[in-house]
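In the two complexes that follow, chain A is the common piece, with chain B as its partner first and chain C second.
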Partner chain A sequence: MNLEADIVIVGGGMAGLVAGTIASEGGLSSIVLRKGESATSMSSGAIDVVGYLPDGTIPFESPKEGLVALASLYPFHPYSILGFGEGKPAFAEKVITGVEAAVGWLKDKLKDSVAKIVGGLDSNILSLSILGTTKPTCLIQETMVSDGFANEFDSTLLFLGVKGYPDFFASAAAKSFLEQSEIEQEGPRKVAHSTVRISPFGNTCNISASEIARHLDHDDALGELLPQIKKTVDTLGATHVALPPILGIKNARGNRQRIEEEVGAIVFELLAFPPSIPGLRLQRALEETYRKSGGQLLLGHEALSAYKEKNRYVSVQAGAPRRSIRISTKAVVSATGKFIGGGLRGAEDGLTETVFNLMTVTGNLIQADNIRPYDYTSPFAVDTGGHSIFSCGLTVDPQFRPVMPDGQPDADNLFAAGSTLAGYDYLVEKSGLGVALVSGFYAGKNAADAAKEVD
Partner chain B sequence: MTKSDVVVVGGGSTGTAVARDCALRGLKTLMLERDDIASATVGTCAGMISSGLKYMDEPHIVDMCSQEVVHLNRIARHIVMKNPILTPMLELSDLSSGGSFAEEYSKRAAKREVPPVLFLTPEDSLKIEPKLNPNIIASMYFEEFFIDPFRLCMLQAIDAQRAGALIRTYCEVIDITVKDDSVDEVLFYDRVKGDIERVKTKTVVNAGGPWAPGIAKMAESNVEIRPNKGAHVILDRRVVNVGIIAKAVDGRMIYLFPHENTVLLGTTALDTWEDPDTLVASHDEIEYLLQSMEWVVPSIREARIIRTMAGVRPLVANWKVPEDKVTRGYETIDHEFEDVRGLFSFTGGKLVMCRHMAETVTDLVCEKLGVKHKCTTHEIPLPGMEADVDILAFSADYGISQHAVERLRARRGTEMTRVLELTRENPDWRTTICACEPVLEAEIRYSIREEFPQNLNDLRRRVRLGTGPCQGTFCTYKASAILMEELDLSGEGFKVDILDFLAERWKGKRQSFRREQLVQEEVTQGMYTCVANLDQSEIEYDPKPWEGSI
Partner chain C sequence: MGEEEAYEFVTSTLEKERIEPYTREESEVVHSVQQCINCGICLSHCPVVAAVGIYRFSGPRSIAVELSRSPPEFWATGDTIYLCTGCGTCMEVCPKNVNIPEIVNMMRSRILRFRPDLVPKGLHVVRETILEHNLAFVPLEDVEDKTESRDMRLEHYGLPLIETPEEAKSEVLYYPGCQAEERSQEVREAAKIILDRFEVGFTMLEDMCCCGLPSRLMGDKDTAEKLASRLKQRIDELDIKKIVTTCAGCTSNIGDASFAYDWNVPVLHLVEFLTDEVGTDKLAKAFTKPRGKEKVKVTVHDPCHLIRHTSRQLMDKALLLLDLIPDVKVEVSTAADSCCGGGGLVAYHSKDVSKAVVKENLEAIRLLEAQRVVTPCPLCTAQLEDNLFQSGSSIEVDDLTVFIAQRLSNKG
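Right, the complex of A and B next:
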């Protein structure tokens, strides 16, 4: 089968869907190919911009502060790339305005969605996780807003788990959080924990987050839950209730509001591990935004290769079970993710890019085609310095075009975005979805410009 | 100060077997293990209780092993499994070397209730195992028994405990004093409490595996071993239906054994001068094993490697013979010859011989103490062997999947009913905590209450937590929370346990880090580093021996 689109975007996570939406907004037709699961839907749903320097231990008060530091210390960081170009304003300022534009755009796009986000570049939010730990992040979903329990003198924070749902142990989160806030001499006056019973579809054990969330999406499902929460809140005098993120896939915002009204406490969701409902909400909201903009999303389709004429890609070959398609195009964005997304593959004899056969590099921009992944790991499993294998990927020019060993872009009209890029370690910096957003935003704009050139 | 008839140093297969034998013969027994039960060599072995393909030229050892298999099937049938094995041959020379093995094996087959060796055509071989190289000229078929090494050690320890022995883990022997040419006191450091204790004793059994020389030295005695490194590569599932034994690139024999839910590819045998505490599999060992197995199972590299493990065999000190030709038998040393009465040490040995080794040394100990009881360890069943278990009935009765019930049975035999009973009062404890295995919350709580684990790694040895394809990615934080609840640990303890277990798993994952494991590790790091921010936690974390210094 043959299709046509001004822009083909390979990869349907944060980076690809943002790039696609931007293309639509530029008046161009586009197709997003997505072969499988994305890191985006596994994420906690909180959008990190930057929390730490690589190997740093002091969190940035604000993403702005972090962007300035990165711009001066890491000029090839995907954010810093925005600073390149002629004349004024200065490098770091350009980076900040660039990131601000992308963040403002996304907030606007998601404002009526299930994944409405709050926050901005002026301060990092210390969000609570299901382990009772905190991490600095930039934008959180509205249902995760905890309204400053940390500063209220006579607050009581209640961690509330669900019986038979093993992804969250309220007791452990409460203890871990309490000890930490005692050390830091901050936080609520009291911390408590308890469990409630929800039996989606009659289950009493092995309950999954998505079962609970789907169950709570039904109008009448809160009925079972509300009295239990109310009773616990009243007994313990809780002013704030921390729940695992299970309040609904579609209806979380409404559910949260109803619970708050009925129990008279502030209710919020914690950052969680996969399968993570807020990650799923974000993924869905991005997909919906893209579709609404007029883009075409082909799920279960894998880009297999692409054809170049002279210095431009002219078509992308994709496959799905029992289906093979060729899409003629004017520009291409590669947003295939890292190892989870499948954009990069690391074997014992080297690191390869999986669709366009692009050059891979290490975090220090040394060619990585022959590296042994072991050599790019730390002996420590969890390390503030990270494992440098996760900062390997593609290196790009200031327009986000992947560069080949000769220093030239692979093609005039191929752009790359998201975690497939090298030069940053989102795990330790806390910058994953932020880099995907920003690079997707600009790769999309540049691809649109490149496509327009063709006519 | 406490007193003991015998102090057993080391809680591997040998030490736990000795403690059990001593206790069953009525001796006042104290077993001291510096780490956890089965935390060292035995935990890295393949669990094969073999008829002795590797030591055909030592017929007395083959006899002993065959007899031990019969014993283990009598006392521990619930944790024994049988694997059919194919030995594919690519050349005529392979065939001739197989002949003498077939003869020796078949002589002892009836005793172990297995068929004699069969020679199969390539077609029949491929029917049994379609992954074999179609160019083989024939294969040998035979059957071998395997045992869960962790459960064997645990059950030996628990049985010893029930017979009155004191089993102390996390207690490191730091000195053995000798008075009037006899052992007198054992000093040990309790790593959990932080105390030094001493115990008076007339006899000491040094079952320290590769650490035996160091332990002997504490009593001014000498033990010499020839330390031999062995490594395994572990694949994520049962990629073969049967065990495969093949000739490696250097002409030695290597194997691919289905083991629990995984497959073991092993093993190397290398003289080593490394510290056993920091030892890991090397890139060369991994590639040696893969390339060798590729000849008979060409698709082996496509299988997903989840980790490696390596251990040191404390071989008998035969020198100037090739490393793979050192005897696989054992020796018991009575240190009386160097004027230290009451101290006994082992060199050599195998998992399959642990009961035999224990009987030999306990005879010597009893003689020294003037005790006349006979050995019964080959007759008295280990806990859980009381009866057969009806998986289907239990599954229906307790509302737990048949798969989970069967895995529970394979670890615990009849004792599983005590785990299942816990779910009557707490139906939500039927929840799966480790989905790879699977392990239920009830079994974790039961194990914490009954089997004295101190941390998640100890739980792994007892219930196989975190041993599957995800290597603890999804169960670590859940099990840590349960451990915290059960042992009333602090919030810091909760996080320390998470980090410790991630570190322990990483030790084995890192060496073979490639392909799908990069995907898996991105998820693990995404959870613990990116979301939970544990790389920034300020808890007191003790670097592990293999992590080196920064």
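Right, the complex of A and C next:
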């Protein structure tokens, strides 16, 4: 039994699911192939648009400011591509309008979901992490909103850990937060730390975030936690309570509201490392949005190869552990991810694209089919300049179609989105999910147009 | 000491050191585990971790990055490694698709070989049964008892008896598996009815033997291989070109054997055999309202060995089949693809874990208005049926094969 869909999307992370939803909303049938869970699910759940310029150490005040800088300095940055049109050079305004449309669309899609997001392009939010440090980001989940503890004269920020949860040490976070506030000479008047007890399975050691989150999804578990938080907050006079991101997988928003009402302080979640619950919430919310739009999500299927007739892809071969299917299609979006996702493969003999055998380039748009990946790493693990291997990938035309060595798109109906694109380093720029969202949004739109041309 | 001599010396110490070199297939699995990036996504999805916590079952990430890394110390993992149900959820969500279920089998095989005292007693019992009877269950001694049990079941499900075809020359082998052969005989009979109804020539083995999955899951590699080669011998003797099963475990396990040893014999679940080879047109015409049965609301359960070890397409085909049957409405459970807890032989030694895992399914099923649960696997059927019954629920569970057979019109 073979399948048919107007659009096949390879990859089920932010870029792929956004592209799929856009295609479905355009009245087309779509299939998203997913071989494993995406980097979106591994993320902190906050959506960065742009935080820094490569090699920069001072964050942009706003994503808008960042987009203007990128558009003028990096004309082939995936954002800057939105500024192209009819051969004219990049216009920062066109880039901003383009990104704004995608961001506005996503905010609307997620507004009733478990991962409701707030924020916008007018300012970067300096979000607190479980290390007590801050990170500039554009959109955060509602449960992470920390309403101005830094500006209020009489605020007390409480870092509240969970006994036996090894990812977050409230005392260490409070300490590094204080050090940072001293340098910047701003912050709350007082900082405190404490721990509460939550024991999903009766023990209070070696508890994971997902266990706590799942536990708090049950009403009675939250009931046990509330008096503990209230007591600590009252004792310390806390006005703001920073918790690790454990407030629930399904019911985090409701839980946060209930805690705030009960304890009379502002409660928010910190950004955490993978695997972080807000990332999982974002992934689930995106999947639900896609399914609701009428799209079909094919889990456990890996795109193996694609078949072209003349200048168009007509089908994609997808494999499960012991079966394989052919999906006929009118347009394809490749959102396969980078090295971990498997869209790109780096080896001693160069960089290859794994599904469509497309041309790979370095961040400087030099062909990368015979580079040594090792030469594109920095000797320092943490380097503000980043590792240029992360800006390698596919180069695309203004329609987000991957381009081949002759300068022409590989096919009329193949589009690329997400981290498989070259020309940006999400690690130093803090732009990962933003580029995925924006490129997925436009690749989806363009793929839908290409599919409609066939009829 | 020369190089050759040194090599001989080292290999001679391996047995004493309880180290067994990896075979080629095992090396592949080990390479797969080396791909683990330690991201921990699996921890948020593992149904056993969700049910009992990482304090009791440290989870797939721990298996990949800690437990599977030191061959001589595998036996220190005994309390954890036997709690994996082998559902494959971790492998499916893993960005690198690390083959955790297989590394678990490999570790169990080393524990069985060098420290059989650490293998849970329940598994030894199953092993003895398989070694003695070539079946996962002790067969009923008296043939008459077995026939009686079969007839009672047929009467209960309102199914006619179809004569078993002789081991004559037919290229299609229907392989019922241990559960349908010894326990849920109605599944085997239902499959015969369906195949007969669509005039599919088929044959069955007179001496049914286990597919080898339980042996593989407990780490009894030798027996698993012996059973596989025994099956292969029978397939060759009968000149079989295609195997049809009704059990999810058999589908995936015989499929794996066929793939690993290049049998060139496709192994299909009855569901896909019906949709792909009989065809939906023929199927739609053959379904009828069952006598005395009202409109029914069902929900489905997706067996792990079908969706994660074979292909998720198989459940899409099962839904397609249900859609063709008149007066059947399917309600989708939010935990449809969650492990039933019956996998990995966990229920044979840690019933509490198995019960904790199935709870997720039971809760999701209870939230629906469904009257019945349908699943294309007799093992999942038994596990769900027992646990729903014990929890005091009135919801009944059917194997999909039986459900279909009950709704077929007569031939002609």
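Just so it is clear, the second predicted complex is superposed on the first by the 450 of 455 C-alpha atoms of A that agree within 3 Å, B and C clash if a C-alpha of one lies under 4 Å from a C-alpha of the other, contacts with A are read in each partner's own complex, and residues count from 1 in each chain.
Everything below uses one rule, namely that a contact is a pair of C-beta atoms (placed from the backbone, for glycine too) under 8 Å apart; a residue touches a chain by one contact, two chains touch by 3 or more.
The model shown is predicted, which means the values in this text are computed figures rather than measured ones.
Colleague: Let's test your reading of the overlay: on chain A, do chain B and chain C clash or fit side by side?
Modeller: clash
Colleague: Between chain B (first) and chain C (second), which does A:P274 come into contact with in this model arrangement: first, second, both, or neither?
Modeller: It touches chain B and chain C both.
Colleague: Looking at A:P321, would you say it contacts chain B, chain C, both, or neither? Reply first, second, both or neither.
Modeller: Only chain C; A:P321 stays clear of chain B.
Colleague: In the superposed arrangement, does A:G386 touch chain B (first), chain C (second), both or neither?
Modeller: Only chain B; A:G386 stays clear of chain C.
Colleague: I'd like to know which partner A:K109 touches here: chain B for first, chain C for second, both or neither.
Modeller: neither
Colleague: Considering only the touch criterion stated at the top, classify A:Y374 as touching first (chain B), second (chain C), both, or neither.
Modeller: Touch status of A:Y374: first partner only.
Colleague: In the superposed arrangement, does A:G36 touch chain B (first), chain C (second), both or neither?
Modeller: It touches chain C, and chain B stays clear.
Colleague: Touch check for A:I340: first (chain B), second (chain C), both, or neither?
Modeller: Both: A:I340 reaches chain B and chain C.
Colleague: By residue count, is chain A touched more by chain B or by chain C?
Modeller: Between chain B and chain C, B touches the greater number of residues in chain A.
Colleague: Is A:N206 touching anything from chain B or chain C once the two structures are fitted on A? First, second, both or neither.
Modeller: Both: A:N206 reaches chain B and chain C.
Colleague: Can you list the residues of chain A that touch chain B in one structure and chain C in the other?
Modeller: 39, 42, 205-207, 274, 340, 342
Colleague: Which positions of chain A touch chain B when the two form their complex?
Modeller: Touch residues, chain A against chain B: 39, 42-44, 48, 51-52, 57, 59, 129-135, 163-167, 169, 171-172, 174-180, 183, 204-207, 271-274, 338-340, 342, 345-348, 372-374, 377, 379-384, 386-387, 389-390, 426-428, 430, 432.
Colleague: Within the complex, which stretch of chain B touches chain A?
Modeller: These residues of chain B touch chain A: 283, 287, 427-433, 441, 474, 477-478, 480-482, 484-485, 490-492, 494-495, 498-499, 502-503, 505-506, 510-511, 513-515, 518-519, 521-523, 525-538, 543, 546-548.
Colleague: Contact residues on chain A for chain C in the complex?
Modeller: Touch residues, chain A against chain C: 1, 35-39, 41-42, 200-201, 203, 205-208, 210-211, 214, 249, 274-275, 277, 280, 298-302, 320-323, 325, 337, 340-342.
Colleague: For the complex, which residues does chain C have touching chain A?
Modeller: 37, 39-41, 43-45, 49-50, 52-56, 92-97, 252, 255-256, 259, 272, 275-276, 307-314, 317
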